[in-house]
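After the structure tokens below, expect a handful of questions from me.
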Amino acid sequence: MTDVSDWWRTSIIEMEPGKIHLRGHPIQDLIGTRSFSEMIWMMVRGDMPSPAQSKLFEAALVAAVDHGPQAPSIAAARMAVTCGLPLNNAMASAVNMLGDVHGGAGEQAVEMYHHIQEFDGDLAAALDDWMALRGKIIPGFGHRFHTPIDPRAPRLMTLVEEAVKADACCGAFLAIARGVENELAVRKNRPIPMNIDGATAVIYAELGFAPPLARGLFCLSRSVGILAHSWEQMQQGGRNKGPTPPHYRWTYDKP
Amino acid sequence: MTDVSDWWRTSIIEMEPGKIHLRGHPIQDLIGTRSFSEMIWMMVRGDMPSPAQSKLFEAALVAAVDHGPQAPSIAAARMAVTCGLPLNNAMASAVNMLGDVHGGAGEQAVEMYHHIQEFDGDLAAALDDWMALRGKIIPGFGHRFHTPIDPRAPRLMTLVEEAVKADACCGAFLAIARGVENELAVRKNRPIPMNIDGATAVIYAELGFAPPLARGLFCLSRSVGILAHSWEQMQQGGRNKGPTPPHYRWTYDKP
Amino acid sequence: MTDVSDWWRTSIIEMEPGKIHLRGHPIQDLIGTRSFSEMIWMMVRGDMPSPAQSKLFEAALVAAVDHGPQAPSIAAARMAVTCGLPLNNAMASAVNMLGDVHGGAGEQAVEMYHHIQEFDGDLAAALDDWMALRGKIIPGFGHRFHTPIDPRAPRLMTLVEEAVKADACCGAFLAIARGVENELAVRKNRPIPMNIDGATAVIYAELGFAPPLARGLFCLSRSVGILAHSWEQMQQGGRNKGPTPPHYRWTYDKP
Amino acid sequence: MTDVSDWWRTSIIEMEPGKIHLRGHPIQDLIGTRSFSEMIWMMVRGDMPSPAQSKLFEAALVAAVDHGPQAPSIAAARMAVTCGLPLNNAMASAVNMLGDVHGGAGEQAVEMYHHIQEFDGDLAAALDDWMALRGKIIPGFGHRFHTPIDPRAPRLMTLVEEAVKADACCGAFLAIARGVENELAVRKNRPIPMNIDGATAVIYAELGFAPPLARGLFCLSRSVGILAHSWEQMQQGGRNKGPTPPHYRWTYDKP
């Protein structure tokens, strides 16, 4: 018979009255000595990042904090505040929206990079195989708004190059992502540059994070913008703010 | 007539194709130069913290990342994963639970510190006035589990003392919180020591964060533990894990 | 020591392998014999409504199912679907928004009706007392959109009158609500007619539901519109639909 | 250029000041004349069910309202209430949990019935094909708790038979589901009887609801139990109730 105290098991935290150990470290030894991003790494993976890994990891977290109130998640947070929700519920409403389409591109891009890496054949064939399996949208490349280029991606790629030089990662996924970018440009006869999701996916893949964590870490990162916008809206006031002003409503489609 | 583009207003982000400025800074200048906790501060408040402020702020964020799967929020995250939810929905389910009782003590403690600071009378009278208005539970003091003491609080208070010496804050709220601790010990004839919420509230109050942000920042911090536990549960597997094993169900109360 | 099987207690459901009793009734005796609205009543309260009570209760549930995609909740559901969320997560995102401002007016109106009923003094004095305690917004009266009148309210009040004749309720809260409507018209020198929340609050108060259930039942009712809109959006398609079209973004407020 | 009022389109609701039409019907004509379950049908599909269709549809909604606080969703609702959340946020936390594993079996069973119906080959071959595509778990059959039989399923199947006689549906999916049950019994050499999800899936498929709606309608149905349990917990009180009593915590797995 399963003992009830066995029902939940974890190697993340060990606790006794007066004692909290996270990943084997007394919490009081972590407070004031570890950065918040090091804590994120350690909590998720168990080990501590090297300084160079930490720097690269932090860059990915910083890059994705916000993309404005046009994004469904940020809009949801702001709407939620005007519905009377406190910050925890507003933040949850927003993070909940980071589904496959809104928050999943990073995860899918890591999967695609892995797929290409493990594929028996060249990159073009690997990409075809991916598209046959997963559809025509190439996660992490192209942007409906940021033309010609998403300013976050080249900056992040420069940091990956520096990290490769510092032996924080090996560069294999950077090479794959650049290969995808080149291949897409050839196929479409115009640049389809890497976007924020493709770029953070390179970093998460280089650092050895599993694909679902690209989404999970994005949720953490975007939670920063979500909090900032929720709080700004709380100070602006407003009651039951829907998507558009009251006199712009919707189009009724007669059945 | 309100123009529709005026319906949402923000001073957090300015965006054009190829341009993302956060609080006036081009995103590419922030990536690789700013820490994640500096970004959190800047996004929420607009300005940049000093190094000493940043160190203190980071300690508060680090301290509250996890308190184990016994907490309803972490349990909710793990249960959600076994229901088939991806990480964004699992994280949202957990953050949603950080309501007045589970996630509100920090916010309430900042309110109480402000109330005491602004009260016309001594600390004991201010505390009585608070209890008359808000009830007998003193937010941020005492712990049902960590006896004699929550190991996070004294460590954080040491860091506040260092920050006062470094002119990162003035120490007024540290003094108030210590006053509350002393007053409670006298009244109850036993120690009711400051807990994690009382301690992070000192930090957030010292750094000038409004009370609701104590909750908002706690949500960010606890999201780290939520992500770690969600991911660990995802690797453990399990389907529809309820709170207890199937043969420990519930007590039926005959009406 | 608390036995773990005592941790959760309920008088709603009794279960053994092959046996499910709800409020003392075998589930198989309820299926096919009880209406969905009777089940809602029975699950929440324990007893069964009379036919006249059931009719009135059902009218309140029917009346509030939808108020269009301008409402933050419905908008959230539709946005969520375009973010790739399945229906359960889209519905949750929307119901979460039914906070104090968006979904709380019915609950507050029941509280106000109770306050007036229990007040030692006439209705005008009771209303003044309520406003002194709770602020100037009178929950359940007036509508920013439906002028001169919300078509749901008079229809519901007719049904309450019929229910009083059928002894399904006593009419005390109907009288109070009409008194509030008259008093407001006198004070403002123009009609401030009862809206959907004021009307359903009369029904829930007449039928003996506690104030928080006015919100809970509204959540059930509005979940119908939420499901319908989520599903319609799923069929329409769309990816990451924010509140407004991409070229209508937001106004950047220079700090 | 897309006009902003075109951004959201719906054929569900038409609204002008003083006018609310749902699916073409003035709301005041629906209130007091239509049952709640008829409204659900109409809102989701546009048309009105026949009396026999309505009866069958209502049975499915009634059958799935609750399965006790052992279920992650109900547990989440009760935990949420003890965290200080009002009913809307508690209900949202619970509905959010009805993901692929916890709330998706009905949807998957409808998909499987459709797959079998459209398959070019006999039922056994169709089932093999399904399992090759979707894995070994047959949605809607077998129950880890209700042995020998889930009492809801046979009762619902009796009602489907009656509905076939009343021409409310044709019985094709009833036949398929019975075929699956027989085939599984032969393959496993023991009964793997239809459960609640398999049974409601027969009804939703018979009535022509698309697969995702089996989940959406389940969410509506289970929201009833979620509300009842949330409210019961609110009356019981309790603060921060985790999954198990405080002294039953978790097992720490040394890394």
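The letters A, B, C and D name the chains in turn, as written, and every chain counts its residues from 1.
Here is the rule we go by: contacts are C-beta pairs under 8 Å (C-beta built on N, C-alpha and C of every residue); 3 or more make two chains touch, one makes a residue touch a chain.
Bear in mind that the values here come from a model prediction, so they are computed numbers and not experimental data.
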| item | value |
| --- | --- |
| Intersection of the contact lists for chain A and chain D | B, C |
| Self-contact between copies chain A and chain C, residue sets same or different by half | same |
| Chain centre separation in whole Å, for chain C relative to chain B (CA means) | 32 |
| Chain centre separation in whole Å, for chain D relative to chain B (CA means) | 37 |
| Rounded Å distance, chain A centre to chain B centre (Cα mean) | 22 |
| Residue list for chain A, restricted to those that touch at least two other chains | 4, 7-11, 13, 15, 68-70, 75, 85, 89, 92-93, 96-100, 103-104, 145, 241, 243-244, 248-250 |
| Chain A residues touching chain C - in the complex, by the definition given at the top | 4, 68-73, 75-76, 79-80, 82-85, 89, 92-93, 96-104, 144-145, 239-244, 246, 249-250 |
| Of all residues in chain D, those that touch chain A in their complex | 4-11, 13-15, 23-24, 46, 85, 89, 96, 243-244, 248-255 |
| Touching residues (chain side chain B, partner chain A) in the complex | 1-2, 4, 7-13, 15, 17-20, 22, 26-28, 30-32, 34-37, 39-40, 43-44, 55, 58-59, 61-63, 65-70, 75, 78, 86-89, 91-100, 103-104, 145-152, 154-156, 158-159, 212-213, 215-217, 219-221, 223-225, 227-232, 234, 236, 241, 244-245, 247-248 |
